[in-house]
Amino acid sequence: MDWALIIKSLVTLGGLGLILGVILLFSSIKLAVKIDEREAKIRAALPGANCGACGYPGCDGLAAAIVAGKASLNACPVGGPAVAKRIGEIMGQDVTALEPKVAVLICRGGKDEAPSRFQYRGAENCRQATLLLGGPKACIYGCVGFGHCVTVCPVGAIKMGENRLPEIDEKKCIGCGKCVAECPKGTLTLIPRSKLVYLACVSRDRGKAVKDVCAVGCIACGLCVKVCPVGALRMERNLPVMDFEKCTDCGICVHKCPTRSFIDRAPGRPKASINPRCNGCAECVKVCQFKAIEGEPGKQHRLNPEKCIGCGQCVLVCPVKAIDLIGALGHSLKTV
Amino acid sequence: MNSAKIFLAAFLVNNIILMRFIGLCPFFGVSTAVSTSIGMSAAVLFVMLLASWVSYVLYHALLLPLGLVFLRTAVFILVIAALVQFVEMFLKKYVKNLYSAMGIYLPLITTNCAILAVTFFNINYKFNLLQATLFALGTAAGFALAIILFAAIRERLEDAPISPAFKGYPIAFIGAALVSLAFMGFTALFGIS
Amino acid sequence: MNNGPKPSRLSYLTSGIVKENPTLILMIGLCPTLATTVTARDGLGMALAASFVLVCSNVVVSAIRKIVPDSVRIPIFIIIISTFVTIIDYVMQAYQPDLYRVLGVFVPLIVVNCIILGRAEAFAYHHGIIDSFLDGLGKSIGFALVLFIMGTLREFFGSGTFFGKAVLPAAYRAQPMLFAIFPPGAFFLIGLLKALVNKTALGKRSQ
């Protein structure tokens, strides 16, 4: 039993361990990074998705920027008003929140509506496919359908639908805008969550050029501009541009569009109902674009629920308040 | 041995990942994206150099004279573990951008066989301090080359139509086999004697 | 960790062989799997060395788990593991010098084998001695199984032998498939093995 060797090894190893331990202990004290405790609290209040929608590198970055005074308190669109309020409490300041947004697909050309120009054999990624002559779809503006947005969504809110168009789960979507930035065609966009009607086409062509490549593409006929009761639409480079401030989400454009290029996000639409106060003045018949009201002058008018789309224009013009919108709980008629 | 040869041999001919099979766990774990691979390579370079120097000094100044060579396994790994923790704290305080770029990989490096392997090779090949430095640099460069090349390949494999049984690790391994095959071409150059 | 009935003692042993095979399911401990399996004997030798360290360290870590504070547990594990690695290192040098020469630097590298540190951290630190022993044994058997299969296949195709004894005709052994012995062959083979595992798992899931 070589005791000398054993003692030597014990001392060396033990001594080394002790020295290393002391060095580490010393450095953990001297090199401690002081974090403002507000930063830790703010970081805890933030959703933690690290999506980058605020423009800072992750939630850590935003927390640091808020404490440094570089970022506004309501910079997190994902957390919304609740988080902004909490951050305001931590920082001891007042705050107004940004309106939360949701991502939507502004293209309706799936594999049933929009054919391909050629058979594509290659990496099944939208950005890579677009490099090859703009992608396999006949419409060069439309959604490629390989699901790049599915992979970049930080919360997994998108999945590929049967029709080769991405389906966005509005409950999961946090409105960070990552998919919008990554889509090579620009067929994803953010709209305010309260907005119900939007145009689902980005084609800059018109007429036959569009009809040849997509059954539901906007042909720039301009009918929507004419029928909009508040003049919220105007044609620009072969696409109607919607003024979100003016639009009341009445839904007339959705039904009048010959190619069904608009989408209505409302989970349900009400129907008009004429109550006995009606004096038969027929003002409502004049404004109804769907011929859903009929009746003799001076007599109680009847509503045809099959034709009514719930746009509410009749309600606005009725002088005796004889029309109500019923059904579709939660959908309220906006008045300008 | 010629200094340039030591570097080149460590870098290409005896590439630590593709020819020696050392450092495979981080190789397959971190190489899913080029950005993370670059961060990992930087961390490895840093720690590998420091670990080589410290272990070299400890071995020649302490273990060898005291006849405690058999303690080298324990001593080296302890040094590496302590070094990594120290480097993490140091970077966090003084070099914040570097920390945010590669800081998260530092704890992973403790169990990275490549670092410990280099410390052992320095002894087995009987290098002096300069040669050990070149060897560590070459190895780290070889690690970086292999992992970044492989990450670029894996990024493309993400979208390729691969049969379900091969998705993930199997196709990655086969990809590594092909890259390794390419690197075997370098063996015609020379090896470390 | 209360999910369902407590796993039986035996399941700790058997899970390491197939269901939680360290190399093919958990994907840890890849370095020795590829580097030391040029022949079946080398693979098995490596597996036995690693198994010795795994079982012993699991038992010791489990034995002292109550007195080791949480903050210094990793360095303590490392000291325990490196002790056993040093033991097996010198034992192998003395009694199996050719094996030691072949395995080279991979014997001391057992100390950073993810399987050993991983099981100490994930299992032995939270379970009793007998359970840790069985878990270590199970994972060792699983590890050894994979190394043995890899070693056998590579030796068979790469030199036409099994444990050094010729099993393929001399004509083959004169010009064997060297690809299997060299690094690319190792990667390729483990890729195929993993694909086989995936296919079996997929098949079971669809049933």
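Each chain gets a letter, A, B and C, in the order it is written, and its residues are counted from 1.
The rule is short, and it goes like this: contacts are C-beta pairs under 8 Å (C-beta built on N, C-alpha and C of every residue); 3 or more make two chains touch, one makes a residue touch a chain.
Computed from a predicted structure; not experimentally measured.
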Relative to subunit B, chain with the most remote C-alpha centre: A
Centrality ranking, top chain (CA atoms only): B
Whole-Å gap between the CA centroids of subunit A and subunit C: 50
For subunit A paired with subunit B, centre-to-centre distance based on mean C-alpha positions, whole Å: 44
Inter-centroid spacing, subunit C versus subunit B (mean Cα positions, whole Å): 21
In subunit C, residues with contacts to at least two other chains: 75, 79
Multi-partner residues of subunit B (at least 2 other chains): 70-71, 74, 78, 82
Residues of subunit A touching at least two other chains: 13, 17
Complex interface listing, subunit B residues touching subunit C: 18-25, 28, 70-74, 77-78, 81-82, 110-113, 116-117, 120-121, 124, 164-174, 176-178, 180-181, 184
Contact set on subunit B toward subunit A in their complex: 58, 62-63, 66-68, 70-71, 74-75, 78-79, 82, 85-86, 89-90, 92-94, 100, 156, 158-161
Touching residues (chain side subunit A, partner subunit B) in the complex: 5, 8-9, 12-13, 16-17, 20, 23-24, 27-28, 31-33, 57, 123-125, 128, 146, 151
Of subunit C, residues touching subunit B in the complex: 27-28, 30-31, 34-35, 74-75, 78-79, 82-83, 85-86, 89-90, 105, 108-109, 111-114, 117, 182-188, 190-192, 194-196, 198-199, 202
